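Shared chain: subunit A. Partners: subunit B in the first complex, subunit C in the second.
What follows is the complex of A and B.
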């Protein structure tokens, strides 16, 4: 039997050339040479679950890293919308107070106005403010003219010798007729005189006579005058026009005359309009209409309509705007005020908008596109996962490797350090550490990196233990003894023999860890301690679900993020499982 | 290419390896501070020598220290005491870098061909790695050299690209042999190289080892528990029991005339391929005692079927007979035998020994 085997073997290695031609079972043709890594890949590809996981992960990466590039929106771009909302356009109120129209160049201050009201209430015809005497003329209910005496001439009388001061400001021409009239009145001891149909008052003060004439300087009325053309305002605001118009209006006259011009009056419900040459010249009303928005000029047409609506107690009215479209205004009474509202375009943050063609997954509470935020959030979540695993691997492999390879007291110290780290409750510790970040007001961008470092520092122990165990095991294997026996250097022993043999386990561990880290990051972000606004991460997006209203009504904000986390972690676990099985040499090829 | 020293000593009859009173104790630590509570005496003073081009077989039960001898000779672990002289150089006196230079000249082949090859390296790399490390051949000749070595070990050149998992146990052992051989060694410790292989493959490997020995003038220390293999391959044979070398002689001598009761028991277990021969087996009672707490006197006395009173308390001396046959047993000590195997008069241990004898009287000590 031995002999037979010997022959077979000899044939294989001495008769090589012949063997090829004969075409017997020949190693080179039989099996394709596969390196252990290729074998692992082959086995990995056989596992349906692992492929599913891999596909999920590829999709996730494409979604996060390519999606962010494709998406037309930015990560923290806030979307606005214009909506027609009832906005206060104007307010109106019945005028209950006397309003004063004062002649140009005359001061009629608040003290004088107060005295006017007192005089009106007590029925006095004159009142004094300081040393100025005012006369009150009553034209009708709520229409008063206020006059004061204006000095037109000054006379000094010494024993019937009259000296006229001709330089009185605003004085009149001193004619002989005027002189005669004054002298007659002075000698008669009267304190009035008539001159050219006007009554002048004479005030004496130690032989000095001031000749004055009463002039209307202001009008107090409860009516409001609105000019159609602002150029007409000087006329409309003149005292005499007011009095003429109001007196006419009170007596329901259809015309009145002022300054040589004939004006017409037109009466409608609540509105009295002054017509000039058949055109509307001004409106008289007791309703004040003020714009609610600054820098808006209300048209007289609007005011007219508003007053009509208020007087006829209508709730709304319609007016044509510049474009000729009907604009509807609503009138709402609150106490004495009337609020006039209309739908106006208002800029609003487009929050919680449901999925649409523009926003496939709607927008969130900040008016940001949920889909875009999911993409950018995926970048953060995946990157955090990978960077943290790399940090964990680095620390774990270095410390575990040193521990396992050198052993002795180094091993003891490192393993006690690992025990120490394992004694720290991870979640509370993380919460404390990230709140320290809060206290230092770290910017969101830097915070992410610090978060990665923190998570890495907290999680390396498992990998260190694995590596140490694996190296301790490998160190005793005959092939490691053989490297020593063949005199191979330490560096080569570590990098060519130890590391490659630890790698499979590390890859599996790292893949499995990735899912866990993504969940930890999501948890921290969910608690508001991880990635901070305006940066997105899947955890921060799910954070919206802490609000019950959002959770129940706006599923499109948090459900996709949850599904993404679920899919990614599942993907990593599937791939990890697949790798573990693929690396397992006991599995069939 | 030839390592210096090989030429100078290849044609004379000098010893390539001398092991003198080699001791290897593994301390047993206990307590919090790692206090040494005792020692596992894996090797308790082993001496032997091997001549150039010869093969020494080392046999014994599992756990008797055979592998420890092999590993200590290679200085894969430190000794406790004694000397290992390789071509007259004390291996343990060398510095690390000197030791690295010496490494290629002494190689080892492991028992388990599965764990002794790194699963992540292709075969060519496994064999050639150390060749490059030690510059055994110029880089230009490297490929041809590896091919040559592989061919001489029964491997095909295209096997270079393959990984260990693609090979059977026998082929793996060939790879291990090629790895050792590639360094152009003078001396190879074969640590049970065929134990893990099935019988037909064992023959191939043994033949290969013999062929290589002829071709390259190698010296082997062949460690095995398989006596027929040892009988086939060895020139001299050492028998170990519990860290001690109990018998050492030329192969013909020891197989033809085993002296030590343990050797006799061992050799009685060799199966005879002749069914007509009635085998007289000596069956040893009990198992090998713990090397941490070996029996007093002769370590073998607890299982010996020729145990005498003296064996229980006094360790036997090493007795070398005229033909160089060395044995460690009281039976061959004329002084002791003259005394009838009793304790010498006035010995301190006399009383104690008698007491021990009485307590053990009920137990069967011999069985044939």
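What follows is the complex of A and C.
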């Protein structure tokens, strides 16, 4: 017998047909023995669709969980772009009203300015504001100097004793010559006196004499002075310089003198420039040019060009900037105003930029990288799927297990509960529940967790039924009777003998459920009721397609997300199918 | 059988009551912005009561001042008499709004169902007969795609291709721009044209499931002994498939059809919303989102009742088609 077996041994492995005719049944070499899990794996690997599904899932997981690490961008990183946009740079207007240049340290308020205009219009030479008297000097059309009497000394006269008050603010030094001049005038009863070439006024009020002198305190003019060098502004804005320059300009004089310096005047095309030592010192014009942007100083060159363009009615002018490059400015008239625009780099959010090397799938409405958001969105979608399935499994296995194992009234109650949950339509109920979340203004982070719980609560009934059915079936089987007969404890019976037999079906159900949960979550998010900004899930990203404009023009935002959902759900379904066939080859179909 | 049916009906009634109680409890936790709005509007009118007085009165009127169980009992009492109140969102009686919109949904589901059955069942049988062939794989993958595609994505893609790129259909709505000027037949065609994309969407999604289900059942039947017997007798394949196998595949299909009623009358919420078909699905979506308590309660209870009725019908049908069930 032995010898014969030895001879046939080779045949066992070369000719399968003879395998059955030889060898003993318990011979190990007769069949290759595989553990149950290895058998499942082997059968699983044989299914093409299951392998396809597995590959898809691995890719999706890598994309979502590793992609976020590899991607150089953050989940809610907003991208900016610079674009040359016509920006208002300056504005200009023809000056049509009197502008006042006031001496330092003197208040010439709005009431005084209003009175000035009244006086100008009525041709009065003096006007009073409060108890202050002002004199108006007319130098020409639209050029007025305003003077007021300033007290330089106070004298109290009793009989022929003169008491000089030496502490007058802004007063002059009281010399003997001054006293002599005053006493002479006082005795003569005059109300003016001459002293060192100036005429002083004397006002009497009950033996108190105020000696004053008329001083120009302000200039009212329609001309605008622009200094070339801002350091010269104090000179240019001084009352006397203004009067000297404007008087000279109105009379078309070529030079004038101020404070011992000779200034030249140059006239061209309605623009008047003041020269000092042959250099341009200031410009006199009717046009005010103001910067439109804060913290910008307009150069005198720019102002000059702008004025020239406005007076010659040109629409644009070009000017060299600091880097020596030509910058084009456009001039546009709106009513009395002239708006000067130029192209300036403006920071914009990079919205809906098309796919490029920098953003492979472009950017979305918030200027965020679509590809990166898809990666992080995938995390949320997959995490929601897994957590919800775990919740469903937990509730389903516990309730289904109790129901199936103990039976009786416990079973009845649990099964009626399952019926109750089953009869409530899932999608409408979820919509109401998330509306409640909306109403209570839950933060996006907590919302995700609540969403998971709600989805889990709405979906455990199927698993509970499966578990109960399986346990009812297994309970009647011989091996369970055997465990009972051998006196194994309840806990061990459940966990060592029942659960492992329920597991295969549970795994299949859970895998298939995952796809459904991902779709449900995506649907809620698509309707704007699921995962909320700034967090994203794939559904949230497709939500952009609810806007027809986005749907039409920016396919790259919403189509990839949809394809990812499709691929992932397909993967779960393929794998679930493959697992079911692998676990139970009898059911294979 | 009769005892079973009576028990089933009593259970169904309990489930309807408790189901709507759950829905009522959830709906009541929504903020009642509608009541506040109305109260504010009325208090603005000249010689009117103050806002708080109006709010109190309206809350009493709508039963919002009662506790949830009390309010539910009141609602239930009125609902049994067919009084579902006025919809807050649409400002007409709930039942009136319902009868206005329901037929749009029924037509949509009916057309979809006809297409689903006439495509899904034959393809499923074909796939089962030629198991592991290329046809089988193609059908399986197509079915899987149908199951895995989210409704909103399919609808968006269809809209993108056919409404935006090809411009064959309108993006939204049930009637075209010149609907009023068309003849009666033209108006009918216009509406039919607007149904095309929604029907394709719903059809593509439901065909997959039905196909798989038919295939699975058909395979089970084909592997059974009586089919082998039929072949062994020398019956032609046509007879075996159509007479012996197909009839027996219908039994499990009965349970697949168990949610026929709810889907028929409950409307396709997402599809209708995306295509703005003014059916019960879109209407109820607006009501659910807008916190319209009377309409929501009506719609949800309606769905729960439909589910229970269709479960009952399924049980009866099982007894009709399968003598074994009758015996037990």
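To be clear about the criterion, the second predicted complex is superposed on the first by the 476 of 589 C-alpha atoms of A that agree within 3 Å, B and C clash if a C-alpha of one lies under 4 Å from a C-alpha of the other, contacts with A are read in each partner's own complex, and residues count from 1 in each chain.
Just so it is clear, a residue touches a chain if its C-beta (ideal position, glycine included) is under 8 Å from a C-beta of that chain, and two chains touch if they have at least 3 such contacts.
Here the structure is a predicted model, which means the values were calculated and not measured.
Student: So, does A:569 touch the first partner subunit B, the second partner subunit C, both, or neither?
Tutor: Touch status of A:569: second partner only.
Student: Between subunit B (first) and subunit C (second), which, if any, makes contact with A:489: first, second, both or neither?
Tutor: The answer is first: A:489 touches subunit B but not subunit C.
Student: Now for A:477: first (subunit B), second (subunit C), both, or neither, which partner does it touch?
Tutor: So A:477 only meets subunit B here.
Student: Mind working out whether A:522 is in touch with subunit B, subunit C, both or neither, as first, second, both or neither?
Tutor: second
Student: Name the contact category of A:297: first (subunit B only), second (subunit C only), both, or neither.
Tutor: So A:297 meets neither subunit B nor subunit C here.
Student: Is A:336 touching anything from subunit B or subunit C once the two structures are fitted on A? First, second, both or neither.
Tutor: A:336 contacts neither subunit B nor subunit C.
Student: Do subunit B and subunit C touch any of the same residues on subunit A, and if so, which?
Tutor: The overlap between the subunit B and subunit C interfaces on subunit A is empty, containing no residue.
Student: Sort out for me which residues of subunit C touch subunit A in the complex.
Tutor: 11, 14-16, 18-19, 22-23, 26-27, 29-31, 128, 131, 137, 140-141, 144-145, 147-153, 156-157, 159-160, 164, 171, 215-216, 219-220, 223, 262, 266, 269-270, 273, 284-285, 288-289, 291, 296, 299-300, 303-304, 307-308
Student: For a test of understanding, state which residues of subunit B touch subunit A in their complex under the given definition.
Tutor: 71, 74, 76, 99-101, 103-104, 106-108, 110-112, 115-122, 129-130, 133-134, 151, 154-156, 158-159, 161-163, 165-166, 176, 179-180, 183, 199-201, 203-204, 207
Student: Across the complex, what residues on subunit A touch subunit C?
Tutor: 49, 416, 419-420, 422-425, 427-429, 431-433, 435-436, 439, 515, 519, 522-523, 526-527, 529, 539, 542, 545, 548, 551-552, 555, 558-559, 562, 565-566, 569-570, 573-574, 577, 589
Student: State the interface residues of subunit A toward subunit B in the complex, per the touch definition above.
Tutor: Spelled out, the residues of subunit A in touch with subunit B are 1-2, 5-6, 9, 12-13, 16, 27-28, 31, 33-36, 39, 477-479, 481-489, 492, 496-497, 500-501, 585.
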